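Input: structures, listed below.
Two complexes are shown next, each including chain A; its partner changes from chain B in the first to chain C in the second.
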Partner chain A sequence: MRNRLIFAGQFAFTLAVAAFLIVPAILSMVAGVTANYFRGVRSGLTLQWVMQVWELYADTIARSFVVALATLGVTLLVGIPAAYALYVRGGRLSRAIEEIITLPLAIPGLAIALALLLTYGGFSNFRRSWLFIVAGHVVFTLPFMVRSVMAVFSLIDVKTLDESASSLGASPWRRFRDVIVPNARSGILAGSLMVVTLSLGEFNLTWMLHTPLTKTLPVGLADSYASMRLEVASAYTLVFFVMIIPLLVVMQLFADGEGRQVARR
Partner chain B sequence: MTLKAFARLCLLPLAVVAIAFFLLPMVRLVITGASSDMGLSAYTAIVFEPRYRATLINTLLLAAATTTATLLIAFITGLFLQRHRFPGRAVLVAMLTFPLAFPGVVVGFMIILLAGRQGLIGDVTLPLFGEKLVFAYSIEGLFLGYLYFSIPRVILTIMAAVEKLDPSLEEAARALGAGPWAIHRDVILPALGPAIVASGAIAFATAMGAFGTAFTLATNIDVLPMLIYTEFTLSANIAMAAALSVGLGLVAWGILVLARSFSGSTIAAAG
Partner chain C sequence: MNGGHGVTVRVDACGKTFADGTRALEPVTLDVARGETLVFLGPSGCGKTTMLRIIAGLEQPDLGGRVLFNGNDVTGIPIEHRNVGMVFQSYALFPNMSVADNIGYGLKIRGVGRAEREARVAELVTLTGIEGLEHRWIDQLSGGQRQRVALARAVAVRPSVLLLDEPLTALDAALRERLRGELDRLLRMLGITTIYVTHDQAEAMVLGDRVVVMRKGAIAQIGTPRDIYFTPANRFVAEFVGAANLVEAIAANGTISLPGGQLAVEDASAAGNVVAMIRPESIHVVAPDTATLSGLVERVSFVGNRQRLTVSGATQRPLLIDAPNTLEMRIGDRIGLDVDPRAVRILPGERA
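Now for the complex of A and B:
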């Protein structure tokens, strides 16, 4: 009896926490397709707000994808070789480098953005282009790519693979291209999902780095929260959810699959 | 080409990116912080200037409150969800971790929908008390926002740690006659210690440095990130903004390093 009471109490508490997290998200999804939120769903469902968001903010949505893909490209090119080198070299220096590139996770985005502005604010062509935002996003997302690839290296015993390829006479570059990268696929994919998700939602840096002509989706969101009616802001948030949820689901499935693979080993 | 040379080549792009877009800018930030008339004393202003000190204390208190509340909530729910199997459990876990990818701005909007002028809490309290309860645009709203942001992350860490607990320890304690309260206090809590310290540090550092939620809720909430932002944009006091953000960065980083030396794993702030 006492155990049942404790169970019921914990269950109710957990439900309340889940409600706190999920109810506002549902409210916003409903508000985005409600004709008049003040009068409630009775006022009818409509897609007019979503259409309006499309007219007003389609460019921010497109730009966010461009920025995310460019960020992904750079983190792949920089991150995979770096992860490989850091892993095979090992030692104190490698750990120090890893430590330095992980720093941007601990330092608030506001500080990094300010630092970038102070350094590159004078280069007006760079500062005005969307590439400036990519620079910020790369600094912030790179550690996720490097770590996720390094994590796979420690799982697949990359050193043995590398050595056997080497004893067969393959050059370092061929080993990297034909042995290391294909074997690190799962880590590269996990890192990529993370990088794209983070870049699509990044606000702290982007708000400082953007110009009126280089607004991204989260910047547009903040804009709409401040100046648009609640229905439009909600519809915009709904668009963001629709973009980000598939990524989250794939990431989750992927994590589960990984877990099973590791368990099988 | 030897492997050593190849490894060095592999690190080259990383070195270029890290130096150009992180290390050099950071050095520039630190130099700029000391470039005002105040010189180096700009760095101590965060402690000695009464207005800045008040903001710093406010921010620390808010972060401490967020961390305590988040840990308490996550400990109860995480332990519960990992210990019991019941229909609908997977859905509940999914609901609790769904907001993981929300940026701070979206979290701010969630709080407006809950406690804003057209919010749910206002709608419920109006018929009950004859008055709309609206607190989204204050420090209480920000607290709720940081709670919203931190709960999913901390729950995941706690659940992972509970899964790794050795059940034989609890059985031994039970066999030795310990009650459920004593088991929780003397066996489970210490075993979860590293996870609690690590996730608590992340929650704390995030609550100190997060900008998006505060920005969405109101520009006049008195916390450090908003102070830096207004110093930079409204007062154009760039040197002070730089000095304050170096201070904020050091505090956030210091807390994570401290927590890591306790828990022995790499951790990172978010948001």
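Now for the complex of A and C:
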């Protein structure tokens, strides 16, 4: 009886995932290569919408990657040393700082964007450049990098590693370079993939911060839904999927690989 | 080895109060001679690791405390400039480096050239008996091998003082005993000033030139292993180091009176209610009619190399005796007990 209930539950869950996640995604992507959506697939398959998206939005797509990589760069440069300092130092102040860094997870992206606009909107050159979006993305993604690196730190007992390197005469910088970063590699990689994926998909903040000249992938997607044929918007979705899915797959593969490595230790 | 290597260490009024107000260490002053092995022994939470970390430079003593190496104040100098060698309980070997790179890391930091570094690493690999493991990764080593690598890494830099924080605790009993012997041989050979922290009294006895017994952040006794064992300063030391019978008795005129008879003591000045310590191995079983003290055998535990008797009636609480393993003994037997007066230690300052 109980087993059948569990089976029924799992079956219902599978159906729900299929109905609300997989089917809509596939339909949307198919729509992107359909000649005329309202007449359905019978109207024939075409790549013209994809081409159109590419022509219209190539620069947006490129910008998205530039923004994502720049965001990654900043979160690496700031996040890893921050995680090191927070973890090794410990104490109440470190915890408070960690909480503050994590705050953007709980605050709506729109609110953060608004705050950024209120504070820095007056610097018009900055406001108009894509760097303004990078700033927003860094605020949003930094906690993911810091948390992911700190999780590895506690896993490998980085504090004692740091102490043992210092007992051998290594300066803080040498310790960081020779011992801390190499041993936190898995967390840094996981954090990096997360940051890139989040940055590529970020809409809330970016929508508030962007100008017509600094659109990113998701903003362009909204734009095309609002102002183009449905087929074009769908083709856009297809392009988006093609961009982001390999990243997700790599992330998953990587997470699995690390899991095994840690288990072996 | 010719007066030893390394520095003298002086700990001057070093106490430690943590940020949350916990007093981990009462102000302690002590000296470590050049080439001496000093062991801090005590139960967990007694402040021994805090002491080691203060000497290492990983913790700062409370205001007024100073650490001196060869008479020079190093209190304000961070650990990386103190030239210490340290072995951690978890070994803290670098997983991203091979065994050889781990051992050579301190030399690399000091800018020692590759050829010299390799020579020194090879020397230490031989010294610690880990030949053939040089190119392994840390996660491919057993616990005992890791311990040896950690030791090799710590002494590679020819430190002024070697600091070991429970280096054998993570190992199983048999291996611990073997490595204890190896460590002893190695420390004697290196002759370097060594400070060793442990909660294992056997390790302290074997390795220490002197032992500092600690309790609740304060020193309970400092002395050679023999001092600590034969003349413990108080009840805590007597019970923590080895097995001990603590018997309450009334002393007068060089004897103590017990429920089962009397025993002569060396200390003729003892009078009134006292607590005496008698080690189980210093009590001899004799015929009951000739002895001044007797009791009933309550339990016999055959251990192998000896048998442990529990005897009631002689003292207020049952008395533990280590008897030769050949002695025929049955529960309920009345036996006489003989103790060398020098082996009865009246504990100063303890009142029954």
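Here is the rule we use: the second predicted complex is superposed on the first by the 252 of 265 C-alpha atoms of A that agree within 3 Å, B and C clash if a C-alpha of one lies under 4 Å from a C-alpha of the other, contacts with A are read in each partner's own complex, and residues count from 1 in each chain.
What we mean here is this: a residue touches a chain if its C-beta (ideal position, glycine included) is under 8 Å from a C-beta of that chain, and two chains touch if they have at least 3 such contacts.
The shown structure was predicted, so the numbers you read here are calculated from the model rather than taken from an experiment.
Once the two complexes are overlaid on the shared chain, A:18 sits against chain B while remaining clear of chain C.
Using the contact criterion defined above for the overlaid structures, shared-chain residue A:171 touches chain B and also reaches chain C. Judged by the touch definition given at the top, the superposed model places A:125 against neither chain B nor chain C. Legend: residue contacts after superposition of the two complexes on their common chain; A:244 is shown touching chain B, with no touch to chain C. When both complexes are overlaid on chain A, the residue A:103 reaches chain B alone and has no touch with chain C. Applying the stated contact rule after C-alpha superposition, one finds that A:37 touches chain B and leaves chain C untouched.
Once the two complexes are overlaid on the shared chain, A:78 sits against chain B while remaining clear of chain C. Using the contact criterion defined above for the overlaid structures, shared-chain residue A:227 touches neither chain B nor chain C, since it reaches no partner.
When the two complexes are overlaid, the chain among chain B and chain C that reaches more residues of chain A is B. When the two structures are aligned on the shared chain, A:182 is found in touch with chain C, with no touch to chain B.
Contacts of chain A with chain B, set against its contacts with chain C after fitting on chain A, overlap at residues 166, 171. Chain C meets chain A in the complex at residues 19, 56, 58, 78-81, 83-86, 88, 90, 92-96, 105-106, 109-110, 139, 153-154, 157, 163. Partner chain C is touched in their complex by these residues of chain A: 91, 156-157, 160-161, 163-171, 174, 178-179, 182-183, 185, 264-265. Residues 1-3, 5-11, 13-14, 17-18, 21-26, 28-29, 32, 73, 76-77, 80-81, 84, 86, 92, 95-96, 98-106, 108-114, 118, 120, 147-148, 151-152, 205, 208-212, 215-216, 225, 228-229, 232, 238, 241-242, 245-246, 248-249, 252-253, 256-257, 266, 268-271 of chain B touch chain A in their complex. On the chain A side of its complex with chain B, the touching residues are 7, 10-11, 13-15, 17-18, 20-25, 27-28, 31, 37-38, 74, 77-79, 81-82, 84-86, 88-89, 97, 100-112, 114-116, 118-120, 135-136, 138-139, 142-143, 146-147, 166, 171-173, 176, 197, 201-204, 207, 218, 221-222, 225-226, 230, 233-234, 237, 240, 244, 247-248.
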